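These notes concern the structure reproduced below.
Labels run A, B and C following the written order; every chain starts at residue 1.
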Amino acid sequence: MAIHSLPTEASEVLAAPQRDLKGRAFRLIPVALLIVILGVLSAVVPYFLSLNNFISILMQSAALGLMALGLTAVLITGGIDLSIPSLMSFSAVLGAMYMKAGGSPVVASFLMLAVALAGGCVNGLAVAWLKMIPFVVTLSTMAVFSGASIWITNAVSVTGIPRRFITTVMADVGVIPIPVIVFVVMTLLMQLLLTRSLYGRWLYAVGTNIRAARVSGIPTQRVLFGAYVFSGLAAGLAAIITTAWLGTAGGTIGSEGVVLDVVSSAVLGGVSIYGGAGTAVGAFVGTILIKLISNSLNFLQASYYLVLVTKGVVIVAFVAVDSLFRRKS
Amino acid sequence: MAAKERFTLGRFLLSYGFVLTLIAIVVLCSIASPAFFTFKNALFILHASAPTMILATGVAFVLMTGKMDISIGSTAYLSAGVGIMLMVHAHMSPLPACLIIFAIGALLGAVNGFIVVVLRVNPLITTLGTFFTFRGLALQITNSLTISIPSDLGEFGSIRVGPFFLDTLIAGVVLAAYHLVHTRTVFGRYVMAVGNGVDVAQKVGVPVDRTTFLTFVLAGLMASVGGVLTMAQVGSISPSLGQGYEFTAIALLVIGGVSLFGGEGTILPGIVLGALTLTIIQSGLNFVGASPFVYPLVRGGIIFVAMYADSLKNAVARKVRLIPE
Amino acid sequence: MSDPFLRMVDVRKRFPGVDALKSVTLEAYAGEAVALIGANGAGKSTLMNVLGGVIAPDGGYIEIDGKRAAFRTPAEASRDGVAFVHQELALMPTLNILDNMLITSFPRRKGLIDYRAGEELCRNALKQLGYDFPLRTRVRDLSPGDQQIVEIARTLLGKSRIVIFDEPTSSLTSREKERLFEIIRIMKSRGTAIIYITHLLDEVFTVCERAVIMRNGAKVAESRIADLTRGQIVEKMIGSQEAVAYFQHHERRPGEVLLTVEHLNREGFLDDVSFTLRSGEVVGLWGLLGSGRTELFRALMGLDPIHRGRIRLHKPGSEVVDLSPQRAHSVMGMLTEDRRTDGLLLPMSIRLNMSIANLKNLLYRGWPFVYRAREESVTREYVKKLNIKSTSIEQRVATLSGGNQQKVVVGRWLQTKPLIFLLDEPTRGLDVEAKAELHAIVANMADAGAAVVIVSSDLDEIMSLSDRYLVMVRGRIVKEYSALATKHELLATASGISAQAEGVG
């Protein structure tokens, strides 16, 4: 869903330097917001500025954050992947059922990753080679994956996850739980790859102008495919973490809001819907923001529904502002 | 003068594939369960399709302009939710309550239209956002409860005129009206013009923004009508109202020939074909005793295939040859 | 001669940093066609966009039939009798002829469209032009020539008194061109005032009574056609000093064969194309729009599939090998026709744009990471070599002028040191100075040993640069000419007329 807003008039082109400053300011908003919210919360909530609390927040954000990182790669190419949460759920269900039937947790983890990667491949194939629109591909795979989850489990959550699995995945390294480490490491790795590697250049080029990228010799189809496979991988990792965190898999509790959270995390983190812009660190910050906002709203005893409303409004507002900046130049 | 399209198996399948599949499914289901192929069942299928057809009609124009609206399910739920609260708690009689429901539907559509046209936000993100916002509001208002509709409205859901259910007839009227608007009014032609390309349409003098805005309003309005009919059929409102509507509507439209790329498609017979295809598949699965959870999965698969066919059709249509055949 | 039917007086338009129109006055008379001539960027499109209601002028006024007119939208302009037949036809492909023609003027009855009345209107309009298409045909099923007829018929419906044609013959066969000229004659006889924008001078002499020549946003000459020669027109278009330089010709000795193309075929686009390329030569690939030149480039670069034929690369010091798409990227560079849609990464910096095709040579010791320092120094080297005016290498290319943008793309490919350079309309949209710089760059490339193939719709440009010519028509190379070809021969061949039929040498 690459929507390239190319300047069409000389006036637009020549006034662009201003846009650059505004664009840069826009990218800094997430960080600024984060600082503000942290400031407010630390004043209001006792012991907010403690290491334990930070680790707790990161832990809550890990699964969502990984999915947001996966989505970021896809968004940079100018596409979108709505199927990430349902793919996560589906692979979690399969892995959990395997463990419940007596399988080893290690194999189950690999199973989750494999299924998620396969799902990513399906999306990637459809977008890169069948040349379908990312939005509809992932909308339909979202329907397929969630439908499949419900069908296999008969709409009942899968329980009976072995303790061994839970304790291994949620183990601490020093004071930091493994999921948090995975989240942080993935963010840093992805940031490095995005900003300094050949593949990062390719990704941004494809998202900025896929035709120019192709003429320049970039294997655009492979790049697109890779982005969706990566988001599949991220979904797989999130599946492992979520299953261990919750102790169950599947079910439809609150599942409808997750897609919104993942997209919001990326968008709030400065990743553009239109492609060609955004960073891993941005998605990281966006995820934390979303979590903090959710937690704050819960703390204020806002209803679940109001939270949904707020998130819907926020995401539209952010994209509207991004849109405005793109056109103002 | 006019170039004739070559008849190839590929193009034939693309255009009529789903009709053929539909016929095949009807045959299969009838063999598997003789009760399937009866007049009574056909009536019931039409009855069940009615709300979906009405919903899809509203979204059809949005798709024809080359845009998207995935918030219709939430619009249906929210507008119906307000209506039911008015009927049950404020003891409003059904008729004025329904009018308010429709007004709210149109208003919610206008919200989408405003964000897309005035704020220039991508329609996908817009309707993704309103999908959640409207749903959240609806859940808030109804407190996620299942609320039964007042009896006089409930009877409405099962009135028959002759052998036909009333809502089937209503759907028929709505479809006919929309078809007329699509083919014989300036607005209908503007919709198709916009779908061909906003730039050309603007160059030629078509009021693109106004047209786009109206399509969203209509989508919202029809969503609320569909919501009321569903409520009448089921007898109550619950959080499951509206869920999956957007999938169904889009799948139905694409199967019926409305392209996601804009500028293509018909109301009649497109929507009828699409709706029947989906409903027959659902009914058929029921009849052969499949688990009720299979349908969402099957529907997802159908959407995927339908989208792929649409992409192919679009790619074929745009191929320009320098050396004529 | 009576009073002018149309007067555009003292029209001015300024875009940030650029004076697009500097007090231009234009007159058109009923029943007469006036040619509006000028190089790219001269301002003719801008002037006509003002007349057509697409943009609003900053100063000046328009008078039609003695009355002041001020339109803010194309719809208003058309209501006042101005019709604009654009170069890219403003038609809607999935709609039929009827809908396309009536889209802003449907006849109505009781709120619904009255198609019966509409059909009659359309049929009459088409008949006036001598045509009778089935009205329910979808416009996309018509040939480009027929589509243009539909669009012209649409202007007749609007009872337009002023019709602007913008490069109308670019997609037409020669037969369709004759048809168009006949239609214009018919329109003139009915009293319509015609403004005819073109850069093809032969057409000017065929169709128009007067000519207005623009350069750099101002009108530089106006005269009756009968009083002008082609040479005088060219001189006015580009300024007298350039005229001489424009036709200068370099003598060059081509070297070894670098590429042999044998019977290349791509279904529907290329038909049995064969030629060779030698190092150190500039080959002009000439043809009309739709002749397949861009498609040939894309096939050579491996961007489009080839159905039959071979391309063989004769790399100096290596064996002769078949050219695969991967290999193509390592030895060939291509400047695309439209740098904005498929050349530049507009929001990105000069550095990022320039290095994007050369990344594998800028990696750090075999790791897939970009060696920033090297990238920066290479970028600076080429910015200097190509004289790209910018504040820094981090400047966004969107903010550069057209000429500098084009140089960035050239620099992108020069970095890779290609053996073969494919240039598709390299000076489109550039001012005269930038054009001259680019011509010098092309000459340098060839002198340095590369094989350069240049596509240009500007015959003068291609003639001043090329050592030999390949002329394409409808996907085939129909003739090869040496440097001694005349303009007439080239034009005639490209239009599908053989030299014998013309009776000219």
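Throughout what follows, contacts are C-beta pairs under 8 Å (C-beta built on N, C-alpha and C of every residue); 3 or more make two chains touch, one makes a residue touch a chain.
Only a predicted model underlies this, so the values are computations on that prediction, with no experimental measurement involved.
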Seminar exercise, completed: Note, CA centroid farthest from chain B's centroid sits on chain C
Problem set entry | Pair of chains with maximal C-beta contact number | A-B
Exercise. Between chain A and chain B, what is the gap in Å from one C-alpha centre to the other?
Worked result: 30
Exercise. If you average the CA atoms of chain A and of chain C, how far apart do the two points sit, in angstrom?
Worked result: 44
Exercise. Hey, which residues of chain A end up touching chain C in the complex?
Worked result: 6-7, 9-11, 13-17, 20, 196-199, 201, 204-205, 208-209, 211-218, 276-277, 329
Exercise. If you look only at chain B, which of its residues touch chain A in the complex?
Worked result: 68, 70, 115, 119-122, 124-126, 128-137, 139-140, 144, 244, 247, 250, 260, 291, 293-301, 303-304, 307-308, 311, 315
Problem set entry | Interfacial residue positions of chain A with respect to chain B in the complex | 1, 3, 80, 126, 130-133, 135-137, 139-148, 150-151, 154-155, 256-257, 259-260, 263, 273-274, 303-309, 311-313, 315-316, 319-320, 323-324, 327
For this session: Using the touch rule from the top, collect the residues of chain C that touch chain A in their complex.
Result: 15-18, 20, 301, 303, 329, 334, 336, 340-348, 352, 355-357, 359-360, 363, 368-370, 372, 396, 398-399, 412
For this session: Report the residues of chain C in contact with chain B in the complex, numbered from low to high.
Result: 54, 73-75, 78, 86, 90-95, 99, 103-104, 106, 108, 111-113, 115, 133-134, 137, 140-143, 146, 268-269, 271, 290-292, 295, 474-475
